[in-house]
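After this come two complexes, each holding chain A, first together with chain B and then together with chain C.
And then the complex of A and B:
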């Protein structure tokens, strides 16, 4: 990865330059390809800090305890899933590098070992999800399968107050264009039916006195979904051509 | 001292019971067997009748306030039943109820959540209900001693891997586990080990998958990961020499069982072990039949295995 600090050496164009009688005019410093990123932006940190689940980010002192125990990093072995690094990039505002992880950040499984172990009380799992939200809000990451699932789950839950598990399964499969083999569905359905567990559609469980709560929570959900996009975030670039190489 | 710790000082004779969506749905066997175990041990819980789902770890990614209001409504209902203790059987429920508790300690947040509850026609929440996993409840109220004396048919000859999963203790800042007297060890939990041993089973102690995540949060959205983690839960049990996995979380149970075909085809038949709720196994030890403990509900069919070991 490039050095993250302002560049001291710039390309210089000289019309006329004599050095001890020798004409050395021309373009200077062009052979020094900058390895330095200059356009860091604290707006990312401000955005994450301003989010109700991101405020603990400023306690992080980069010890890496979260990543050392992270099941995605160590057990599953996805080396680029590195919560300490995601936090670091958000802290210094290095968006160009952060966006390289657009398809990685969402894969946190929320096991909360990082939150458990953080010696500084950072809610790492929530901060990482907030960084994921930043990437989506600023148009740097597409909506992930997990985001689609969260939405399907929440809509399903708010409908009756109690989750309709079979319906969630069907809805989500449709969203992803996936099809579980009919044989498997049938086998599961029969087992559920036989044991009196097929509570779906008209037979779904419903929370009592839910209608009013539903409309209040749906309104709140809609308000929070209009989470402001960071201003100009997507236009910012990093000066270094080699930027983003780790 | 955390709110969880301070409010645990006055235990209810009959705490409120929060079933959550799983115990009334796919995890019915867990619900039925829990009630059997509690009855045998002379313990009782009173169901929160108007409960709603807790939102697990999903809703919070869309809205902080909705993710707090959902569990807070249940805690408020428990308070209006006059209870200061809420017992839940699902790790996900324990997590989100305890998380709401932690958040509403801030006055501004509590006011905001209570305003949502009021507009939705629910009682307001004072933040004074503590949350407990049913495993911890059984351990604290009855303990291995009373469990031992309730055993009618010891689980002799069974070697069990105790699978706690991720959110039973974690994170302690929400659950209070490890920082509240009488609670389990957050890194090396042992309550389940002890209860199963008290039922006469042999428990594998070097089970490295004890507290790993099953990937259940991404059970559908990240198959690769959740299948791999579920397979680990079973494979580590195999390596430790266990013939059965005991779970304390319906998300884990259902996630692992939902992936059985995929695990078989990717990792081989020999990895697979039957998986059962710990209360099903305890109920069996207390004299219930395989049918009464609903052991044929589970897709991994622990009933077939247990029958081959002489249980009826």
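And then the complex of A and C:
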């Protein structure tokens, strides 16, 4: 029997093993650890469905059209990235398997080919992102630099009403615990300023009456995040993570 | 008694007209095309699923009852231009070759049927662009004449695929319904191919196999006796492969959870059923309610599928939804009886 999944093989060397008088000592690593699905959790589906971008998940009937055309899966060849399979795992609530893809699930490039083709009108791209959000929100996936950037970006927009690049840069540096050398920052800043792409300080655009808009947006974000609480989400909620806007 | 008007010369309409004549009712049979027989004739259906009976064995007796029947006034290449309800029945205007003619009829049977889905609308499958991508409209005549050859180079294929649910169960083309016959007909076609040409490999790409009731038998036989292979997954796109000489079906084998890119020599699309142009016209002329799918809706379909709810107007066949030939024939009989009762009373 071929070993198809090396990570599942446990090396078990038994020096002396006697089974009813027969010596069966040796390497036991040619056996696959059984992977019986023992715990299905409907909360995952509820969470994704309750999310404003995940509500089409229950339309999926697992035809595989999305995966068939997916840039990541087929063109780029990242077989691990399988939107149909992620949806299936979320639908049946197989969390143990789903968390193995906590990283891969974010490889979607949002080409939307899947959405264009899905015969059931599943917003696959949004649903896949929501499944990723679930994994983060329930503490099953480490927050990636991209998540932190998303968070900084959202906060930046909420604060200024329009992107303030310098502020975004500062916040993100802080979140990453990174320090870019001053000379490099200066060089970058000047280039951006000259090309008219830097809007900060005296050059900042202003969004008029932003405070009012901001309070509306914040209220909406809080409402959006009012999905059923994810399992195991201790201190991190979607709202706090800005996950509700993803 | 004023004649009963039957609209449509497919299996349902032929059956209705034949029954009316044998009940002694004068009948006008109107058909838009210049021939009788509907889709089975138009596309030269080969064998019928599930018993692999030649289509002629079903259509010829139906046609035989019509031709030369003195009670039936046959009006080919004719359409309905106008219909007004009168005290009993309708005053209708028939149009043939530009000429209009007014007639009083005692009741009307709508048997305007379906059209096969235009597979060009599923552009990612390349129908109409790649000559070796065919659908039900072309493969049946090939099977009928036993010349299953690639239109591109006239050579026999080595490996063929069927893609189910094309233009059915698909909100992208606006057709959420199941065509009811695509599975069994595709399987039947694969069996026909394998029976005569066991050297051709046959693969069926499916999401679900709906060979309901006794049709299941053919599905089993196709695997057990004819070696037809089934892959669970819906093909995402068809492109050219091997320098344009073959077709490449890209999909996900959802059981393997892997992409599949398999070259084929011919691919058959199981093109579904849509309400025909005639069905849509009739709905407008009589002001009938149609369902969200565009098919005519009987008053209570569970109770009496041929009863339109409008006095003197009856339905038969695929005008009310995808239907197999025997069901259309049965409904034709039911509608004939109802129309006769209405006309007589």
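One rule holds for everything that comes next: the second predicted complex is superposed on the first by the 145 of 246 C-alpha atoms of A that agree within 3 Å, B and C clash if a C-alpha of one lies under 4 Å from a C-alpha of the other, contacts with A are read in each partner's own complex, and residues count from 1 in each chain.
Just so it is clear, a contact is a pair of C-beta atoms (placed from the backbone, for glycine too) under 8 Å apart; a residue touches a chain by one contact, two chains touch by 3 or more.
Since the model is a prediction, treat every value here as computed from it, not as a measurement.
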Between chain B and chain C, more residues of chain A are touched by B
Go through the superposed model and pick first if A:121 touches only chain B, second if only chain C, both, or neither.
both
TODO: Pick one for A:210: touches chain B only (first), chain C only (second), both, or neither.
DONE: first
Task: Give one of first, second, both or neither to describe whether A:149 is in contact with chain B, with chain C, with both, or with none.
output: first
Touching partner for A:62 - first (chain B), second (chain C), both, neither: second
Determine, under the contact definition given at the top, whether A:91 touches first (chain B), second (chain C), both, or neither. neither
Go through the superposed model and pick first if A:133 touches only chain B, second if only chain C, both, or neither. first
**Request:** Go through the superposed model and pick first if A:73 touches only chain B, second if only chain C, both, or neither.
**Result:** second
State whether A:82 touches chain B only (first), chain C only (second), both chains, or neither.
second
Contacts of chain A common to chain B and chain C in the A-superposed view 116, 121
Within the complex, chain A is touched by chain C residues 124, 165, 169-172, 207, 232-237, 250-254, 257-259, 261
Contacts from chain A onto chain C in the complex sit at residues 61-69, 73-74, 79, 82, 84-85, 116-121
Seen from chain A, its contact residues with chain B in the complex are 52-53, 71-72, 75-76, 107, 109-113, 115-116, 121, 123, 126, 129, 133, 144-151, 153-154, 157, 161-163, 165, 169, 172-173, 176, 184, 188, 191-192, 195-197, 199, 205, 207-210, 212-217, 220-221, 224-225
As the complex stands, chain B meets chain A at residues 21, 24-26, 28-29, 49-53, 55-66, 69-70, 73, 95, 116, 119-122, 166-167, 169-173, 186, 212-213, 215-218, 220-222, 225-226, 228-229, 232, 261, 294, 296-297, 299
